[in-house]
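Notes for the one structure printed next.
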Amino acid sequence: MATESVHDVALTLHDQLPILQLVVPFLAAPLVMVVGAGRGVAWLIAFLASLAAFAISALLLAQVIDGGFLSYQIGGWAPPLGIEYRIDAVNAFLLFLISGVSTLVLPFAYESVKAEIAERNQALFYTCYLLCFAGLLGVTITGDAFNVFVFLEISSLSTYAIIAAGADRDRRALTAAYDYLVMGTIGATFFVIGLGLLYMMTGTLNMGDLADRIAPQTDNRTIQAAFAFIVVGMGLKIAIYPLHLWLPNAYTYAPSAVTAFLAATATKVAVYVLLRFSFSVFSPGFAFENYTYELIILPFAILAMFAASFIAIFQTDLKRMLAYSSIAQIGYMLLGLSLMNASGLAATMVHLFNHGITKAVLFMGVGALTLRAGSSFYASIRGMGRAMPLTAAAMVVGGLSLIGVPGTAGFISKWVLVQAAFEKGWWPVAFLIVLSSLLAVVYVWRFVETLYLHEPARDAAEAPLTMVVPIWITALACVWFGINTDITMTAANTAAETLLSGSTGLAEPSPWTSALPAGEASH
Amino acid sequence: MSDHRPATDDDLPALGRLLTWVDRPGSGTKLFRALGGFCAALLVIDLLISKHGHFHIEDVWAFYGVYGFLSFVCVIYGAKTLRFFAKRNEDYYGAQAIDREDYPLDQTGVTKEADDA
Amino acid sequence: MLESIPTAFLFFAMGLLAMAVPKGAARSALLVVIPLIAAWQVWTLPEGNLAPVTFFGLDLELMRVDRLSRVFGLIFCLIAALGNLYAWHLKDTVQQVAAPLYAGSAIGAVFAGDLVTLFFYWEGTAIASVFLIWARRTLGAYNTGLRYLIIQVGSGVILMAGIALLYAETGSIAFDRMTLGSLGTWCIFFAFGIKCAFPLLHNWLQDAYPAATITGTVVLSAFTTKLAVYALARGFAGTEILIYIGAIMTLFPIFFAEIENDMRRVLSYSLNNQLGFMVVGIGVGSEMALNGTAAHAFVHILYKALLFMSVGAVLYRTGKVKASELGGLYRTMPLTATFCLVGAASISAFPLFSGFIAKALILDQAAAHHHAIVWGALVFASAGVLSHSGIKIPFFTFFAHDSGMRPKEAPTHMLIAMGITAFLCIFIGVFPGTLYAILPYEVDYHPYTAAHVVGQLLLLCFALLAFGVLYRTGRHPAEIRCINVDSDVIYRKAAPSVVHIAARAISAIWQAHAGFWMRKTDLVLRGLYASHGPEGRMARVWPTGAMVLWIAILLGVTLAVIFVT
Amino acid sequence: MQHHIVLRVVTKLLCGLIVLFAFYVQFHGDYSPGGGFQAGVIMAVAFIAYAVVFNLEMAQKVMPARVAHKLAALGVLIYGGTGVVSMLFGYTFLDYGAFQPGHPSHGQHWGILAVELGVGVTVTGVMLTIFYAFTSRVPSISDEEW
């Protein structure tokens, strides 16, 4: 057993990075509860934790961006018995996105939370925020299937709480959170049922080990059913059309900072889990998996691209419009996924990232507008482009990126996606991608027109600096990643290759014999 | 059109005044004759120098002169023929076309009095 | 430090700065100084691939410096400085930003080591330059600019298509010598040809340049076509068809120039004719011929700019540019007239002027490679050049019959710009070695042999004599108010009438069906709003149960798909 | 419940015993049935029983809601802190070998004790928080109006 070994190699801080990625925000959460009497302190702890996590994620990404992986064994228990954190290009990229967005959203949140959430609840809010943040990181970083579920629940439960925190502004946040709770729980249950079925057939929960044990029994009905449960369960978290019904309300009524954070990260993490299970645990060669993607996910992805875009066009509330646009954009990610080839996966990965920062800009912009205009209805933000030139200009940049105008991040992902569709020979799909981008032009134009081409509805000052600066940093990131694709495309391509290489490199060579840790046995 | 029309030739710049010689009666003829003389001199020189052109015809005496003269005549008559076919009124492409319009005066120095450096 | 910045970026920065600096002397000075710095940078840059960038897995070379690109880059920087000096008086932000962007794009394209970079800058020149036309701010200029833009962007699109085809075929985007054969190379060739104003693809040039602003035309005349010449020299040197294309290019514009009334259009035709010489040089493709092309491009940029400057100065002072309205201006604009004469002598290739030492290289090579007919055409064209650029421009502008106008001499900054340019024209003509030293290949050629000088003088003087005879006998075509149709009649007159007829037919049919389709469209929009609008079924807040039902359905369907297949 | 004197006296007596039992369960958890979770629940029950029999205000005097909140967080910190301490010794997160380097199985005992303590504290805090959250909610319609 692990504990019977004498530990002879002291781990350095560098070796501990994978766990620190999670532990820092995770322990910051209770710390906020214990010491965080004042809002300033709570915010500061949250921000510092997030900043540290961001730095760590950057270090991790740098280590794995060229391929390869890091493995960390919790408590010294070797996989597959123990829980293993495994970092490769796929999740390092996502960790980078999550912690980056969080680090940008938190400065924005300072003023936004002050305005939207009652003073006495703010420390609790930051605690839940950190838990959600840590949960998302945990889902991403772990190499243990059940651990995914645990962290998923941690992030989901805290998400319900921080969405409900919007109730101080609009009571409908409560029902939105409650609906999400019911649906999210069903989704998580499906997921855990899937895991249960897998465990039943394989007796293991380590992802690499699972992959090895599933491979010889693909005809097994139980395993196939497990796949269906996992896809549908995660599909709900992703908000695959038509399982998106929780999303518009949750995003609309949540506090602005929460929406900005969740829109940029939560669904992305769910997509990641789906990717991980579809490619690492199950392998893309399985016939049933291909059929599922081609016959179910692909049509729904295309449906999402159009139906959600149409709904977005007709919305009267900017925040809600963006929520529907998110559903449409998720369609693109699933589309890339269902192409089941390397460039499609790279498109999904890069769109995860690019759409994340794009939506972060837009939702933060909406938050700033809401702060000054009172609400995000088109009627009340009319003409605010003149009163709040900086915020509005950043939102235009975000809007352009949402459409996919060359020179913005959005263009890169759509470009790669269209290329991938061509590569697969699916011309009509490529055409549909371009066509649906036109719908994005319409709804983006609607808010640009509202912001600029109307007489201002009210006098308002520019948003405070703590908001404008993060908004603009993110907006510039949209442009930067639209021009310099070094980081994003390299990471996405490596990630796609990693995923497509299936379980190789994931599994321990001989699971049971290597249960002992690397150290020598003492008795 | 400029309002600063110098009243007499004396108001002209020095170089301009010098050049008015060409407009004096007979000057044109003098120039033409000078040119003829120069051409004749060239023909003489052409006889004296040794030539090693790429083509034999280049070495023929007065080849370039004849070729130049004929070419020019060809160009003029060719152009006249072309004008017969290609000439159109200035509003051929419509009254708003670029060919029809004058250069906007407000972008020139004509209407501005004192923008001279 | 300067080495690490691609030269094009210096110009782009200049464009941005020009927006920030207030109008006036500071901005004008900025626009003159930075191109000079850029010229110095180009002069001192080491050869090699200085700014490699990876984009989408493509290896781009933003700065490929070798002797061919350096000579073009150098003259582009120089003429940008001179053009901006000429435009010192401008207080027009549009032009002052567009000009650096345009020049920067052209220079970027020259230093582009791969086709993708070339494409971006190629389109950059198209888009930036059209503002120099639109800056005239008249309806005619707007329409002309639009035609120009369509053709130029079209050239870029064809180039892109060619690059894509070539890439698919060879897997390389390197911008090196190509051989015509595949569709891809033909597309690229065609794209270059449009910008280089090949016969029948030429008309945008004569259409657009006279329509630009006074200072805009000077800048325009330098870059676009010479960029195309550079691209051809880089990509298609030694392609035989170019010899014949070039020969035709030298010929047909002569006749049009002779009867054209608008002086700037005369110069545009003359530009087209001069391009022909360069294209022939490229077609011949020997090292010396390419030297000739580069040298000719170099000097041509200078003297053509000088001619456009002098005509522009007249236009600036009188508001007129048509031969039928001009004449006798030497009295009050003697310096401008002198500079114009220097330009005219240069373009006509009089000995001791720059045209002489450059054109000779090309003629010599055409002859050396036994292209007798082409050689004959080029010599013919040399005499033709004299007729319109050498005689017509200075004679009918500054001499001939007195128009009665007594405008002031050109502004000082214009005179300085013209003076420097004229000086360069003569300097290069007198000391050809200075130019020969920077040409792409070693030069072993002496223009000032007795036979060559005498031959050239004979050619020109007898042509002058012919002019004298014809003019004095009244046989020289008169300058009259008219325009001449060229190939542009196809898209400016014929195509519109066809479209017009078609439009009428279609509109008749449309009228009949409009009501029907209007109702249909309206119905579709209403339907969409009813289903997707805020209160629509698709966007409504659904009960949680409905969602759970969906989960069940989706799970059922997924299971069915998995089990059945 | 002011008149249920027996109940009140017995509760007062039992509360101490319940707490004691909670500690027993807490510290024997690693050998016998039980552990941090059970101990935490039992501990909370002591306060809940007190609140039920006396009243909420009395209970909150002993254990204010604020403290319960902090306890919940504190337990997590103890749990996580254990892992951090093992990291400080150069071991992986939560590798209890760190607590007695020469003798890993002894280290294991120490580690589990610390972790279970964290669990116990958190469960106590959370149970009480939930209880307070429900009981301190003022009904929109008071009992008398039914």
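The letters A, B, C and D name the chains in turn, as written, and every chain counts its residues from 1.
The rule we apply is simple: a residue touches a chain if its C-beta (ideal position, glycine included) is under 8 Å from a C-beta of that chain, and two chains touch if they have at least 3 such contacts.
Values in this document were obtained by computation on a predicted structure and should not be read as measured data.
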item: Chain pair with more C-beta contacts, A-C versus B-C; value: B-C
item: Chain centre separation (chain B, chain C; CA means) in Å; value: 25
item: Chain centre separation (chain A, chain C; CA means) in Å; value: 50
item: Between chain A and chain D, centroid-to-centroid distance (C-alpha), Å; value: 35
item: Whole-Å gap between the CA centroids of chain B and chain D; value: 107
item: Listing of all chain pairs that touch each other, if any do; value: A-C, A-D, B-C
item: Residues on chain C engaged by chain B in the complex (per definition of touch); value: 88-89, 136-141, 143-144, 207, 210-211, 213-214, 254-256, 258-259, 262, 315-321, 328, 330-335, 337-338, 364, 367-368, 370, 372, 375, 379-380, 383-384, 386-387, 399, 402, 405-409, 411-413, 450-451, 454-468, 470, 472, 475-477, 481-486, 492-493
item: Of all residues in chain B, those that touch chain C in their complex; value: 1-2, 4-6, 9, 12-13, 15-20, 22-23, 28, 32, 35-36, 38-39, 42-43, 45-46, 49-55, 58, 62-69, 71-76, 78-80, 82-83, 86-90, 92-93, 96-105, 107-110, 115-117
item: Chain A-touching residues of chain C, taken from the complex the two chains share; value: 54-57, 528-529, 531-534, 536, 538-539, 541-542, 544, 546-548, 550-551, 554-555, 557-559, 561-563, 565
item: Residues of chain D defined as touching chain A within the complex; value: 69-70, 72-77, 80-81, 83-84, 87, 89-98, 101-102, 104-105, 107-108
item: Of chain A, residues touching chain D in the complex; value: 2-7, 9-12, 16, 19, 23, 26-27, 29-34, 72-76, 127, 522
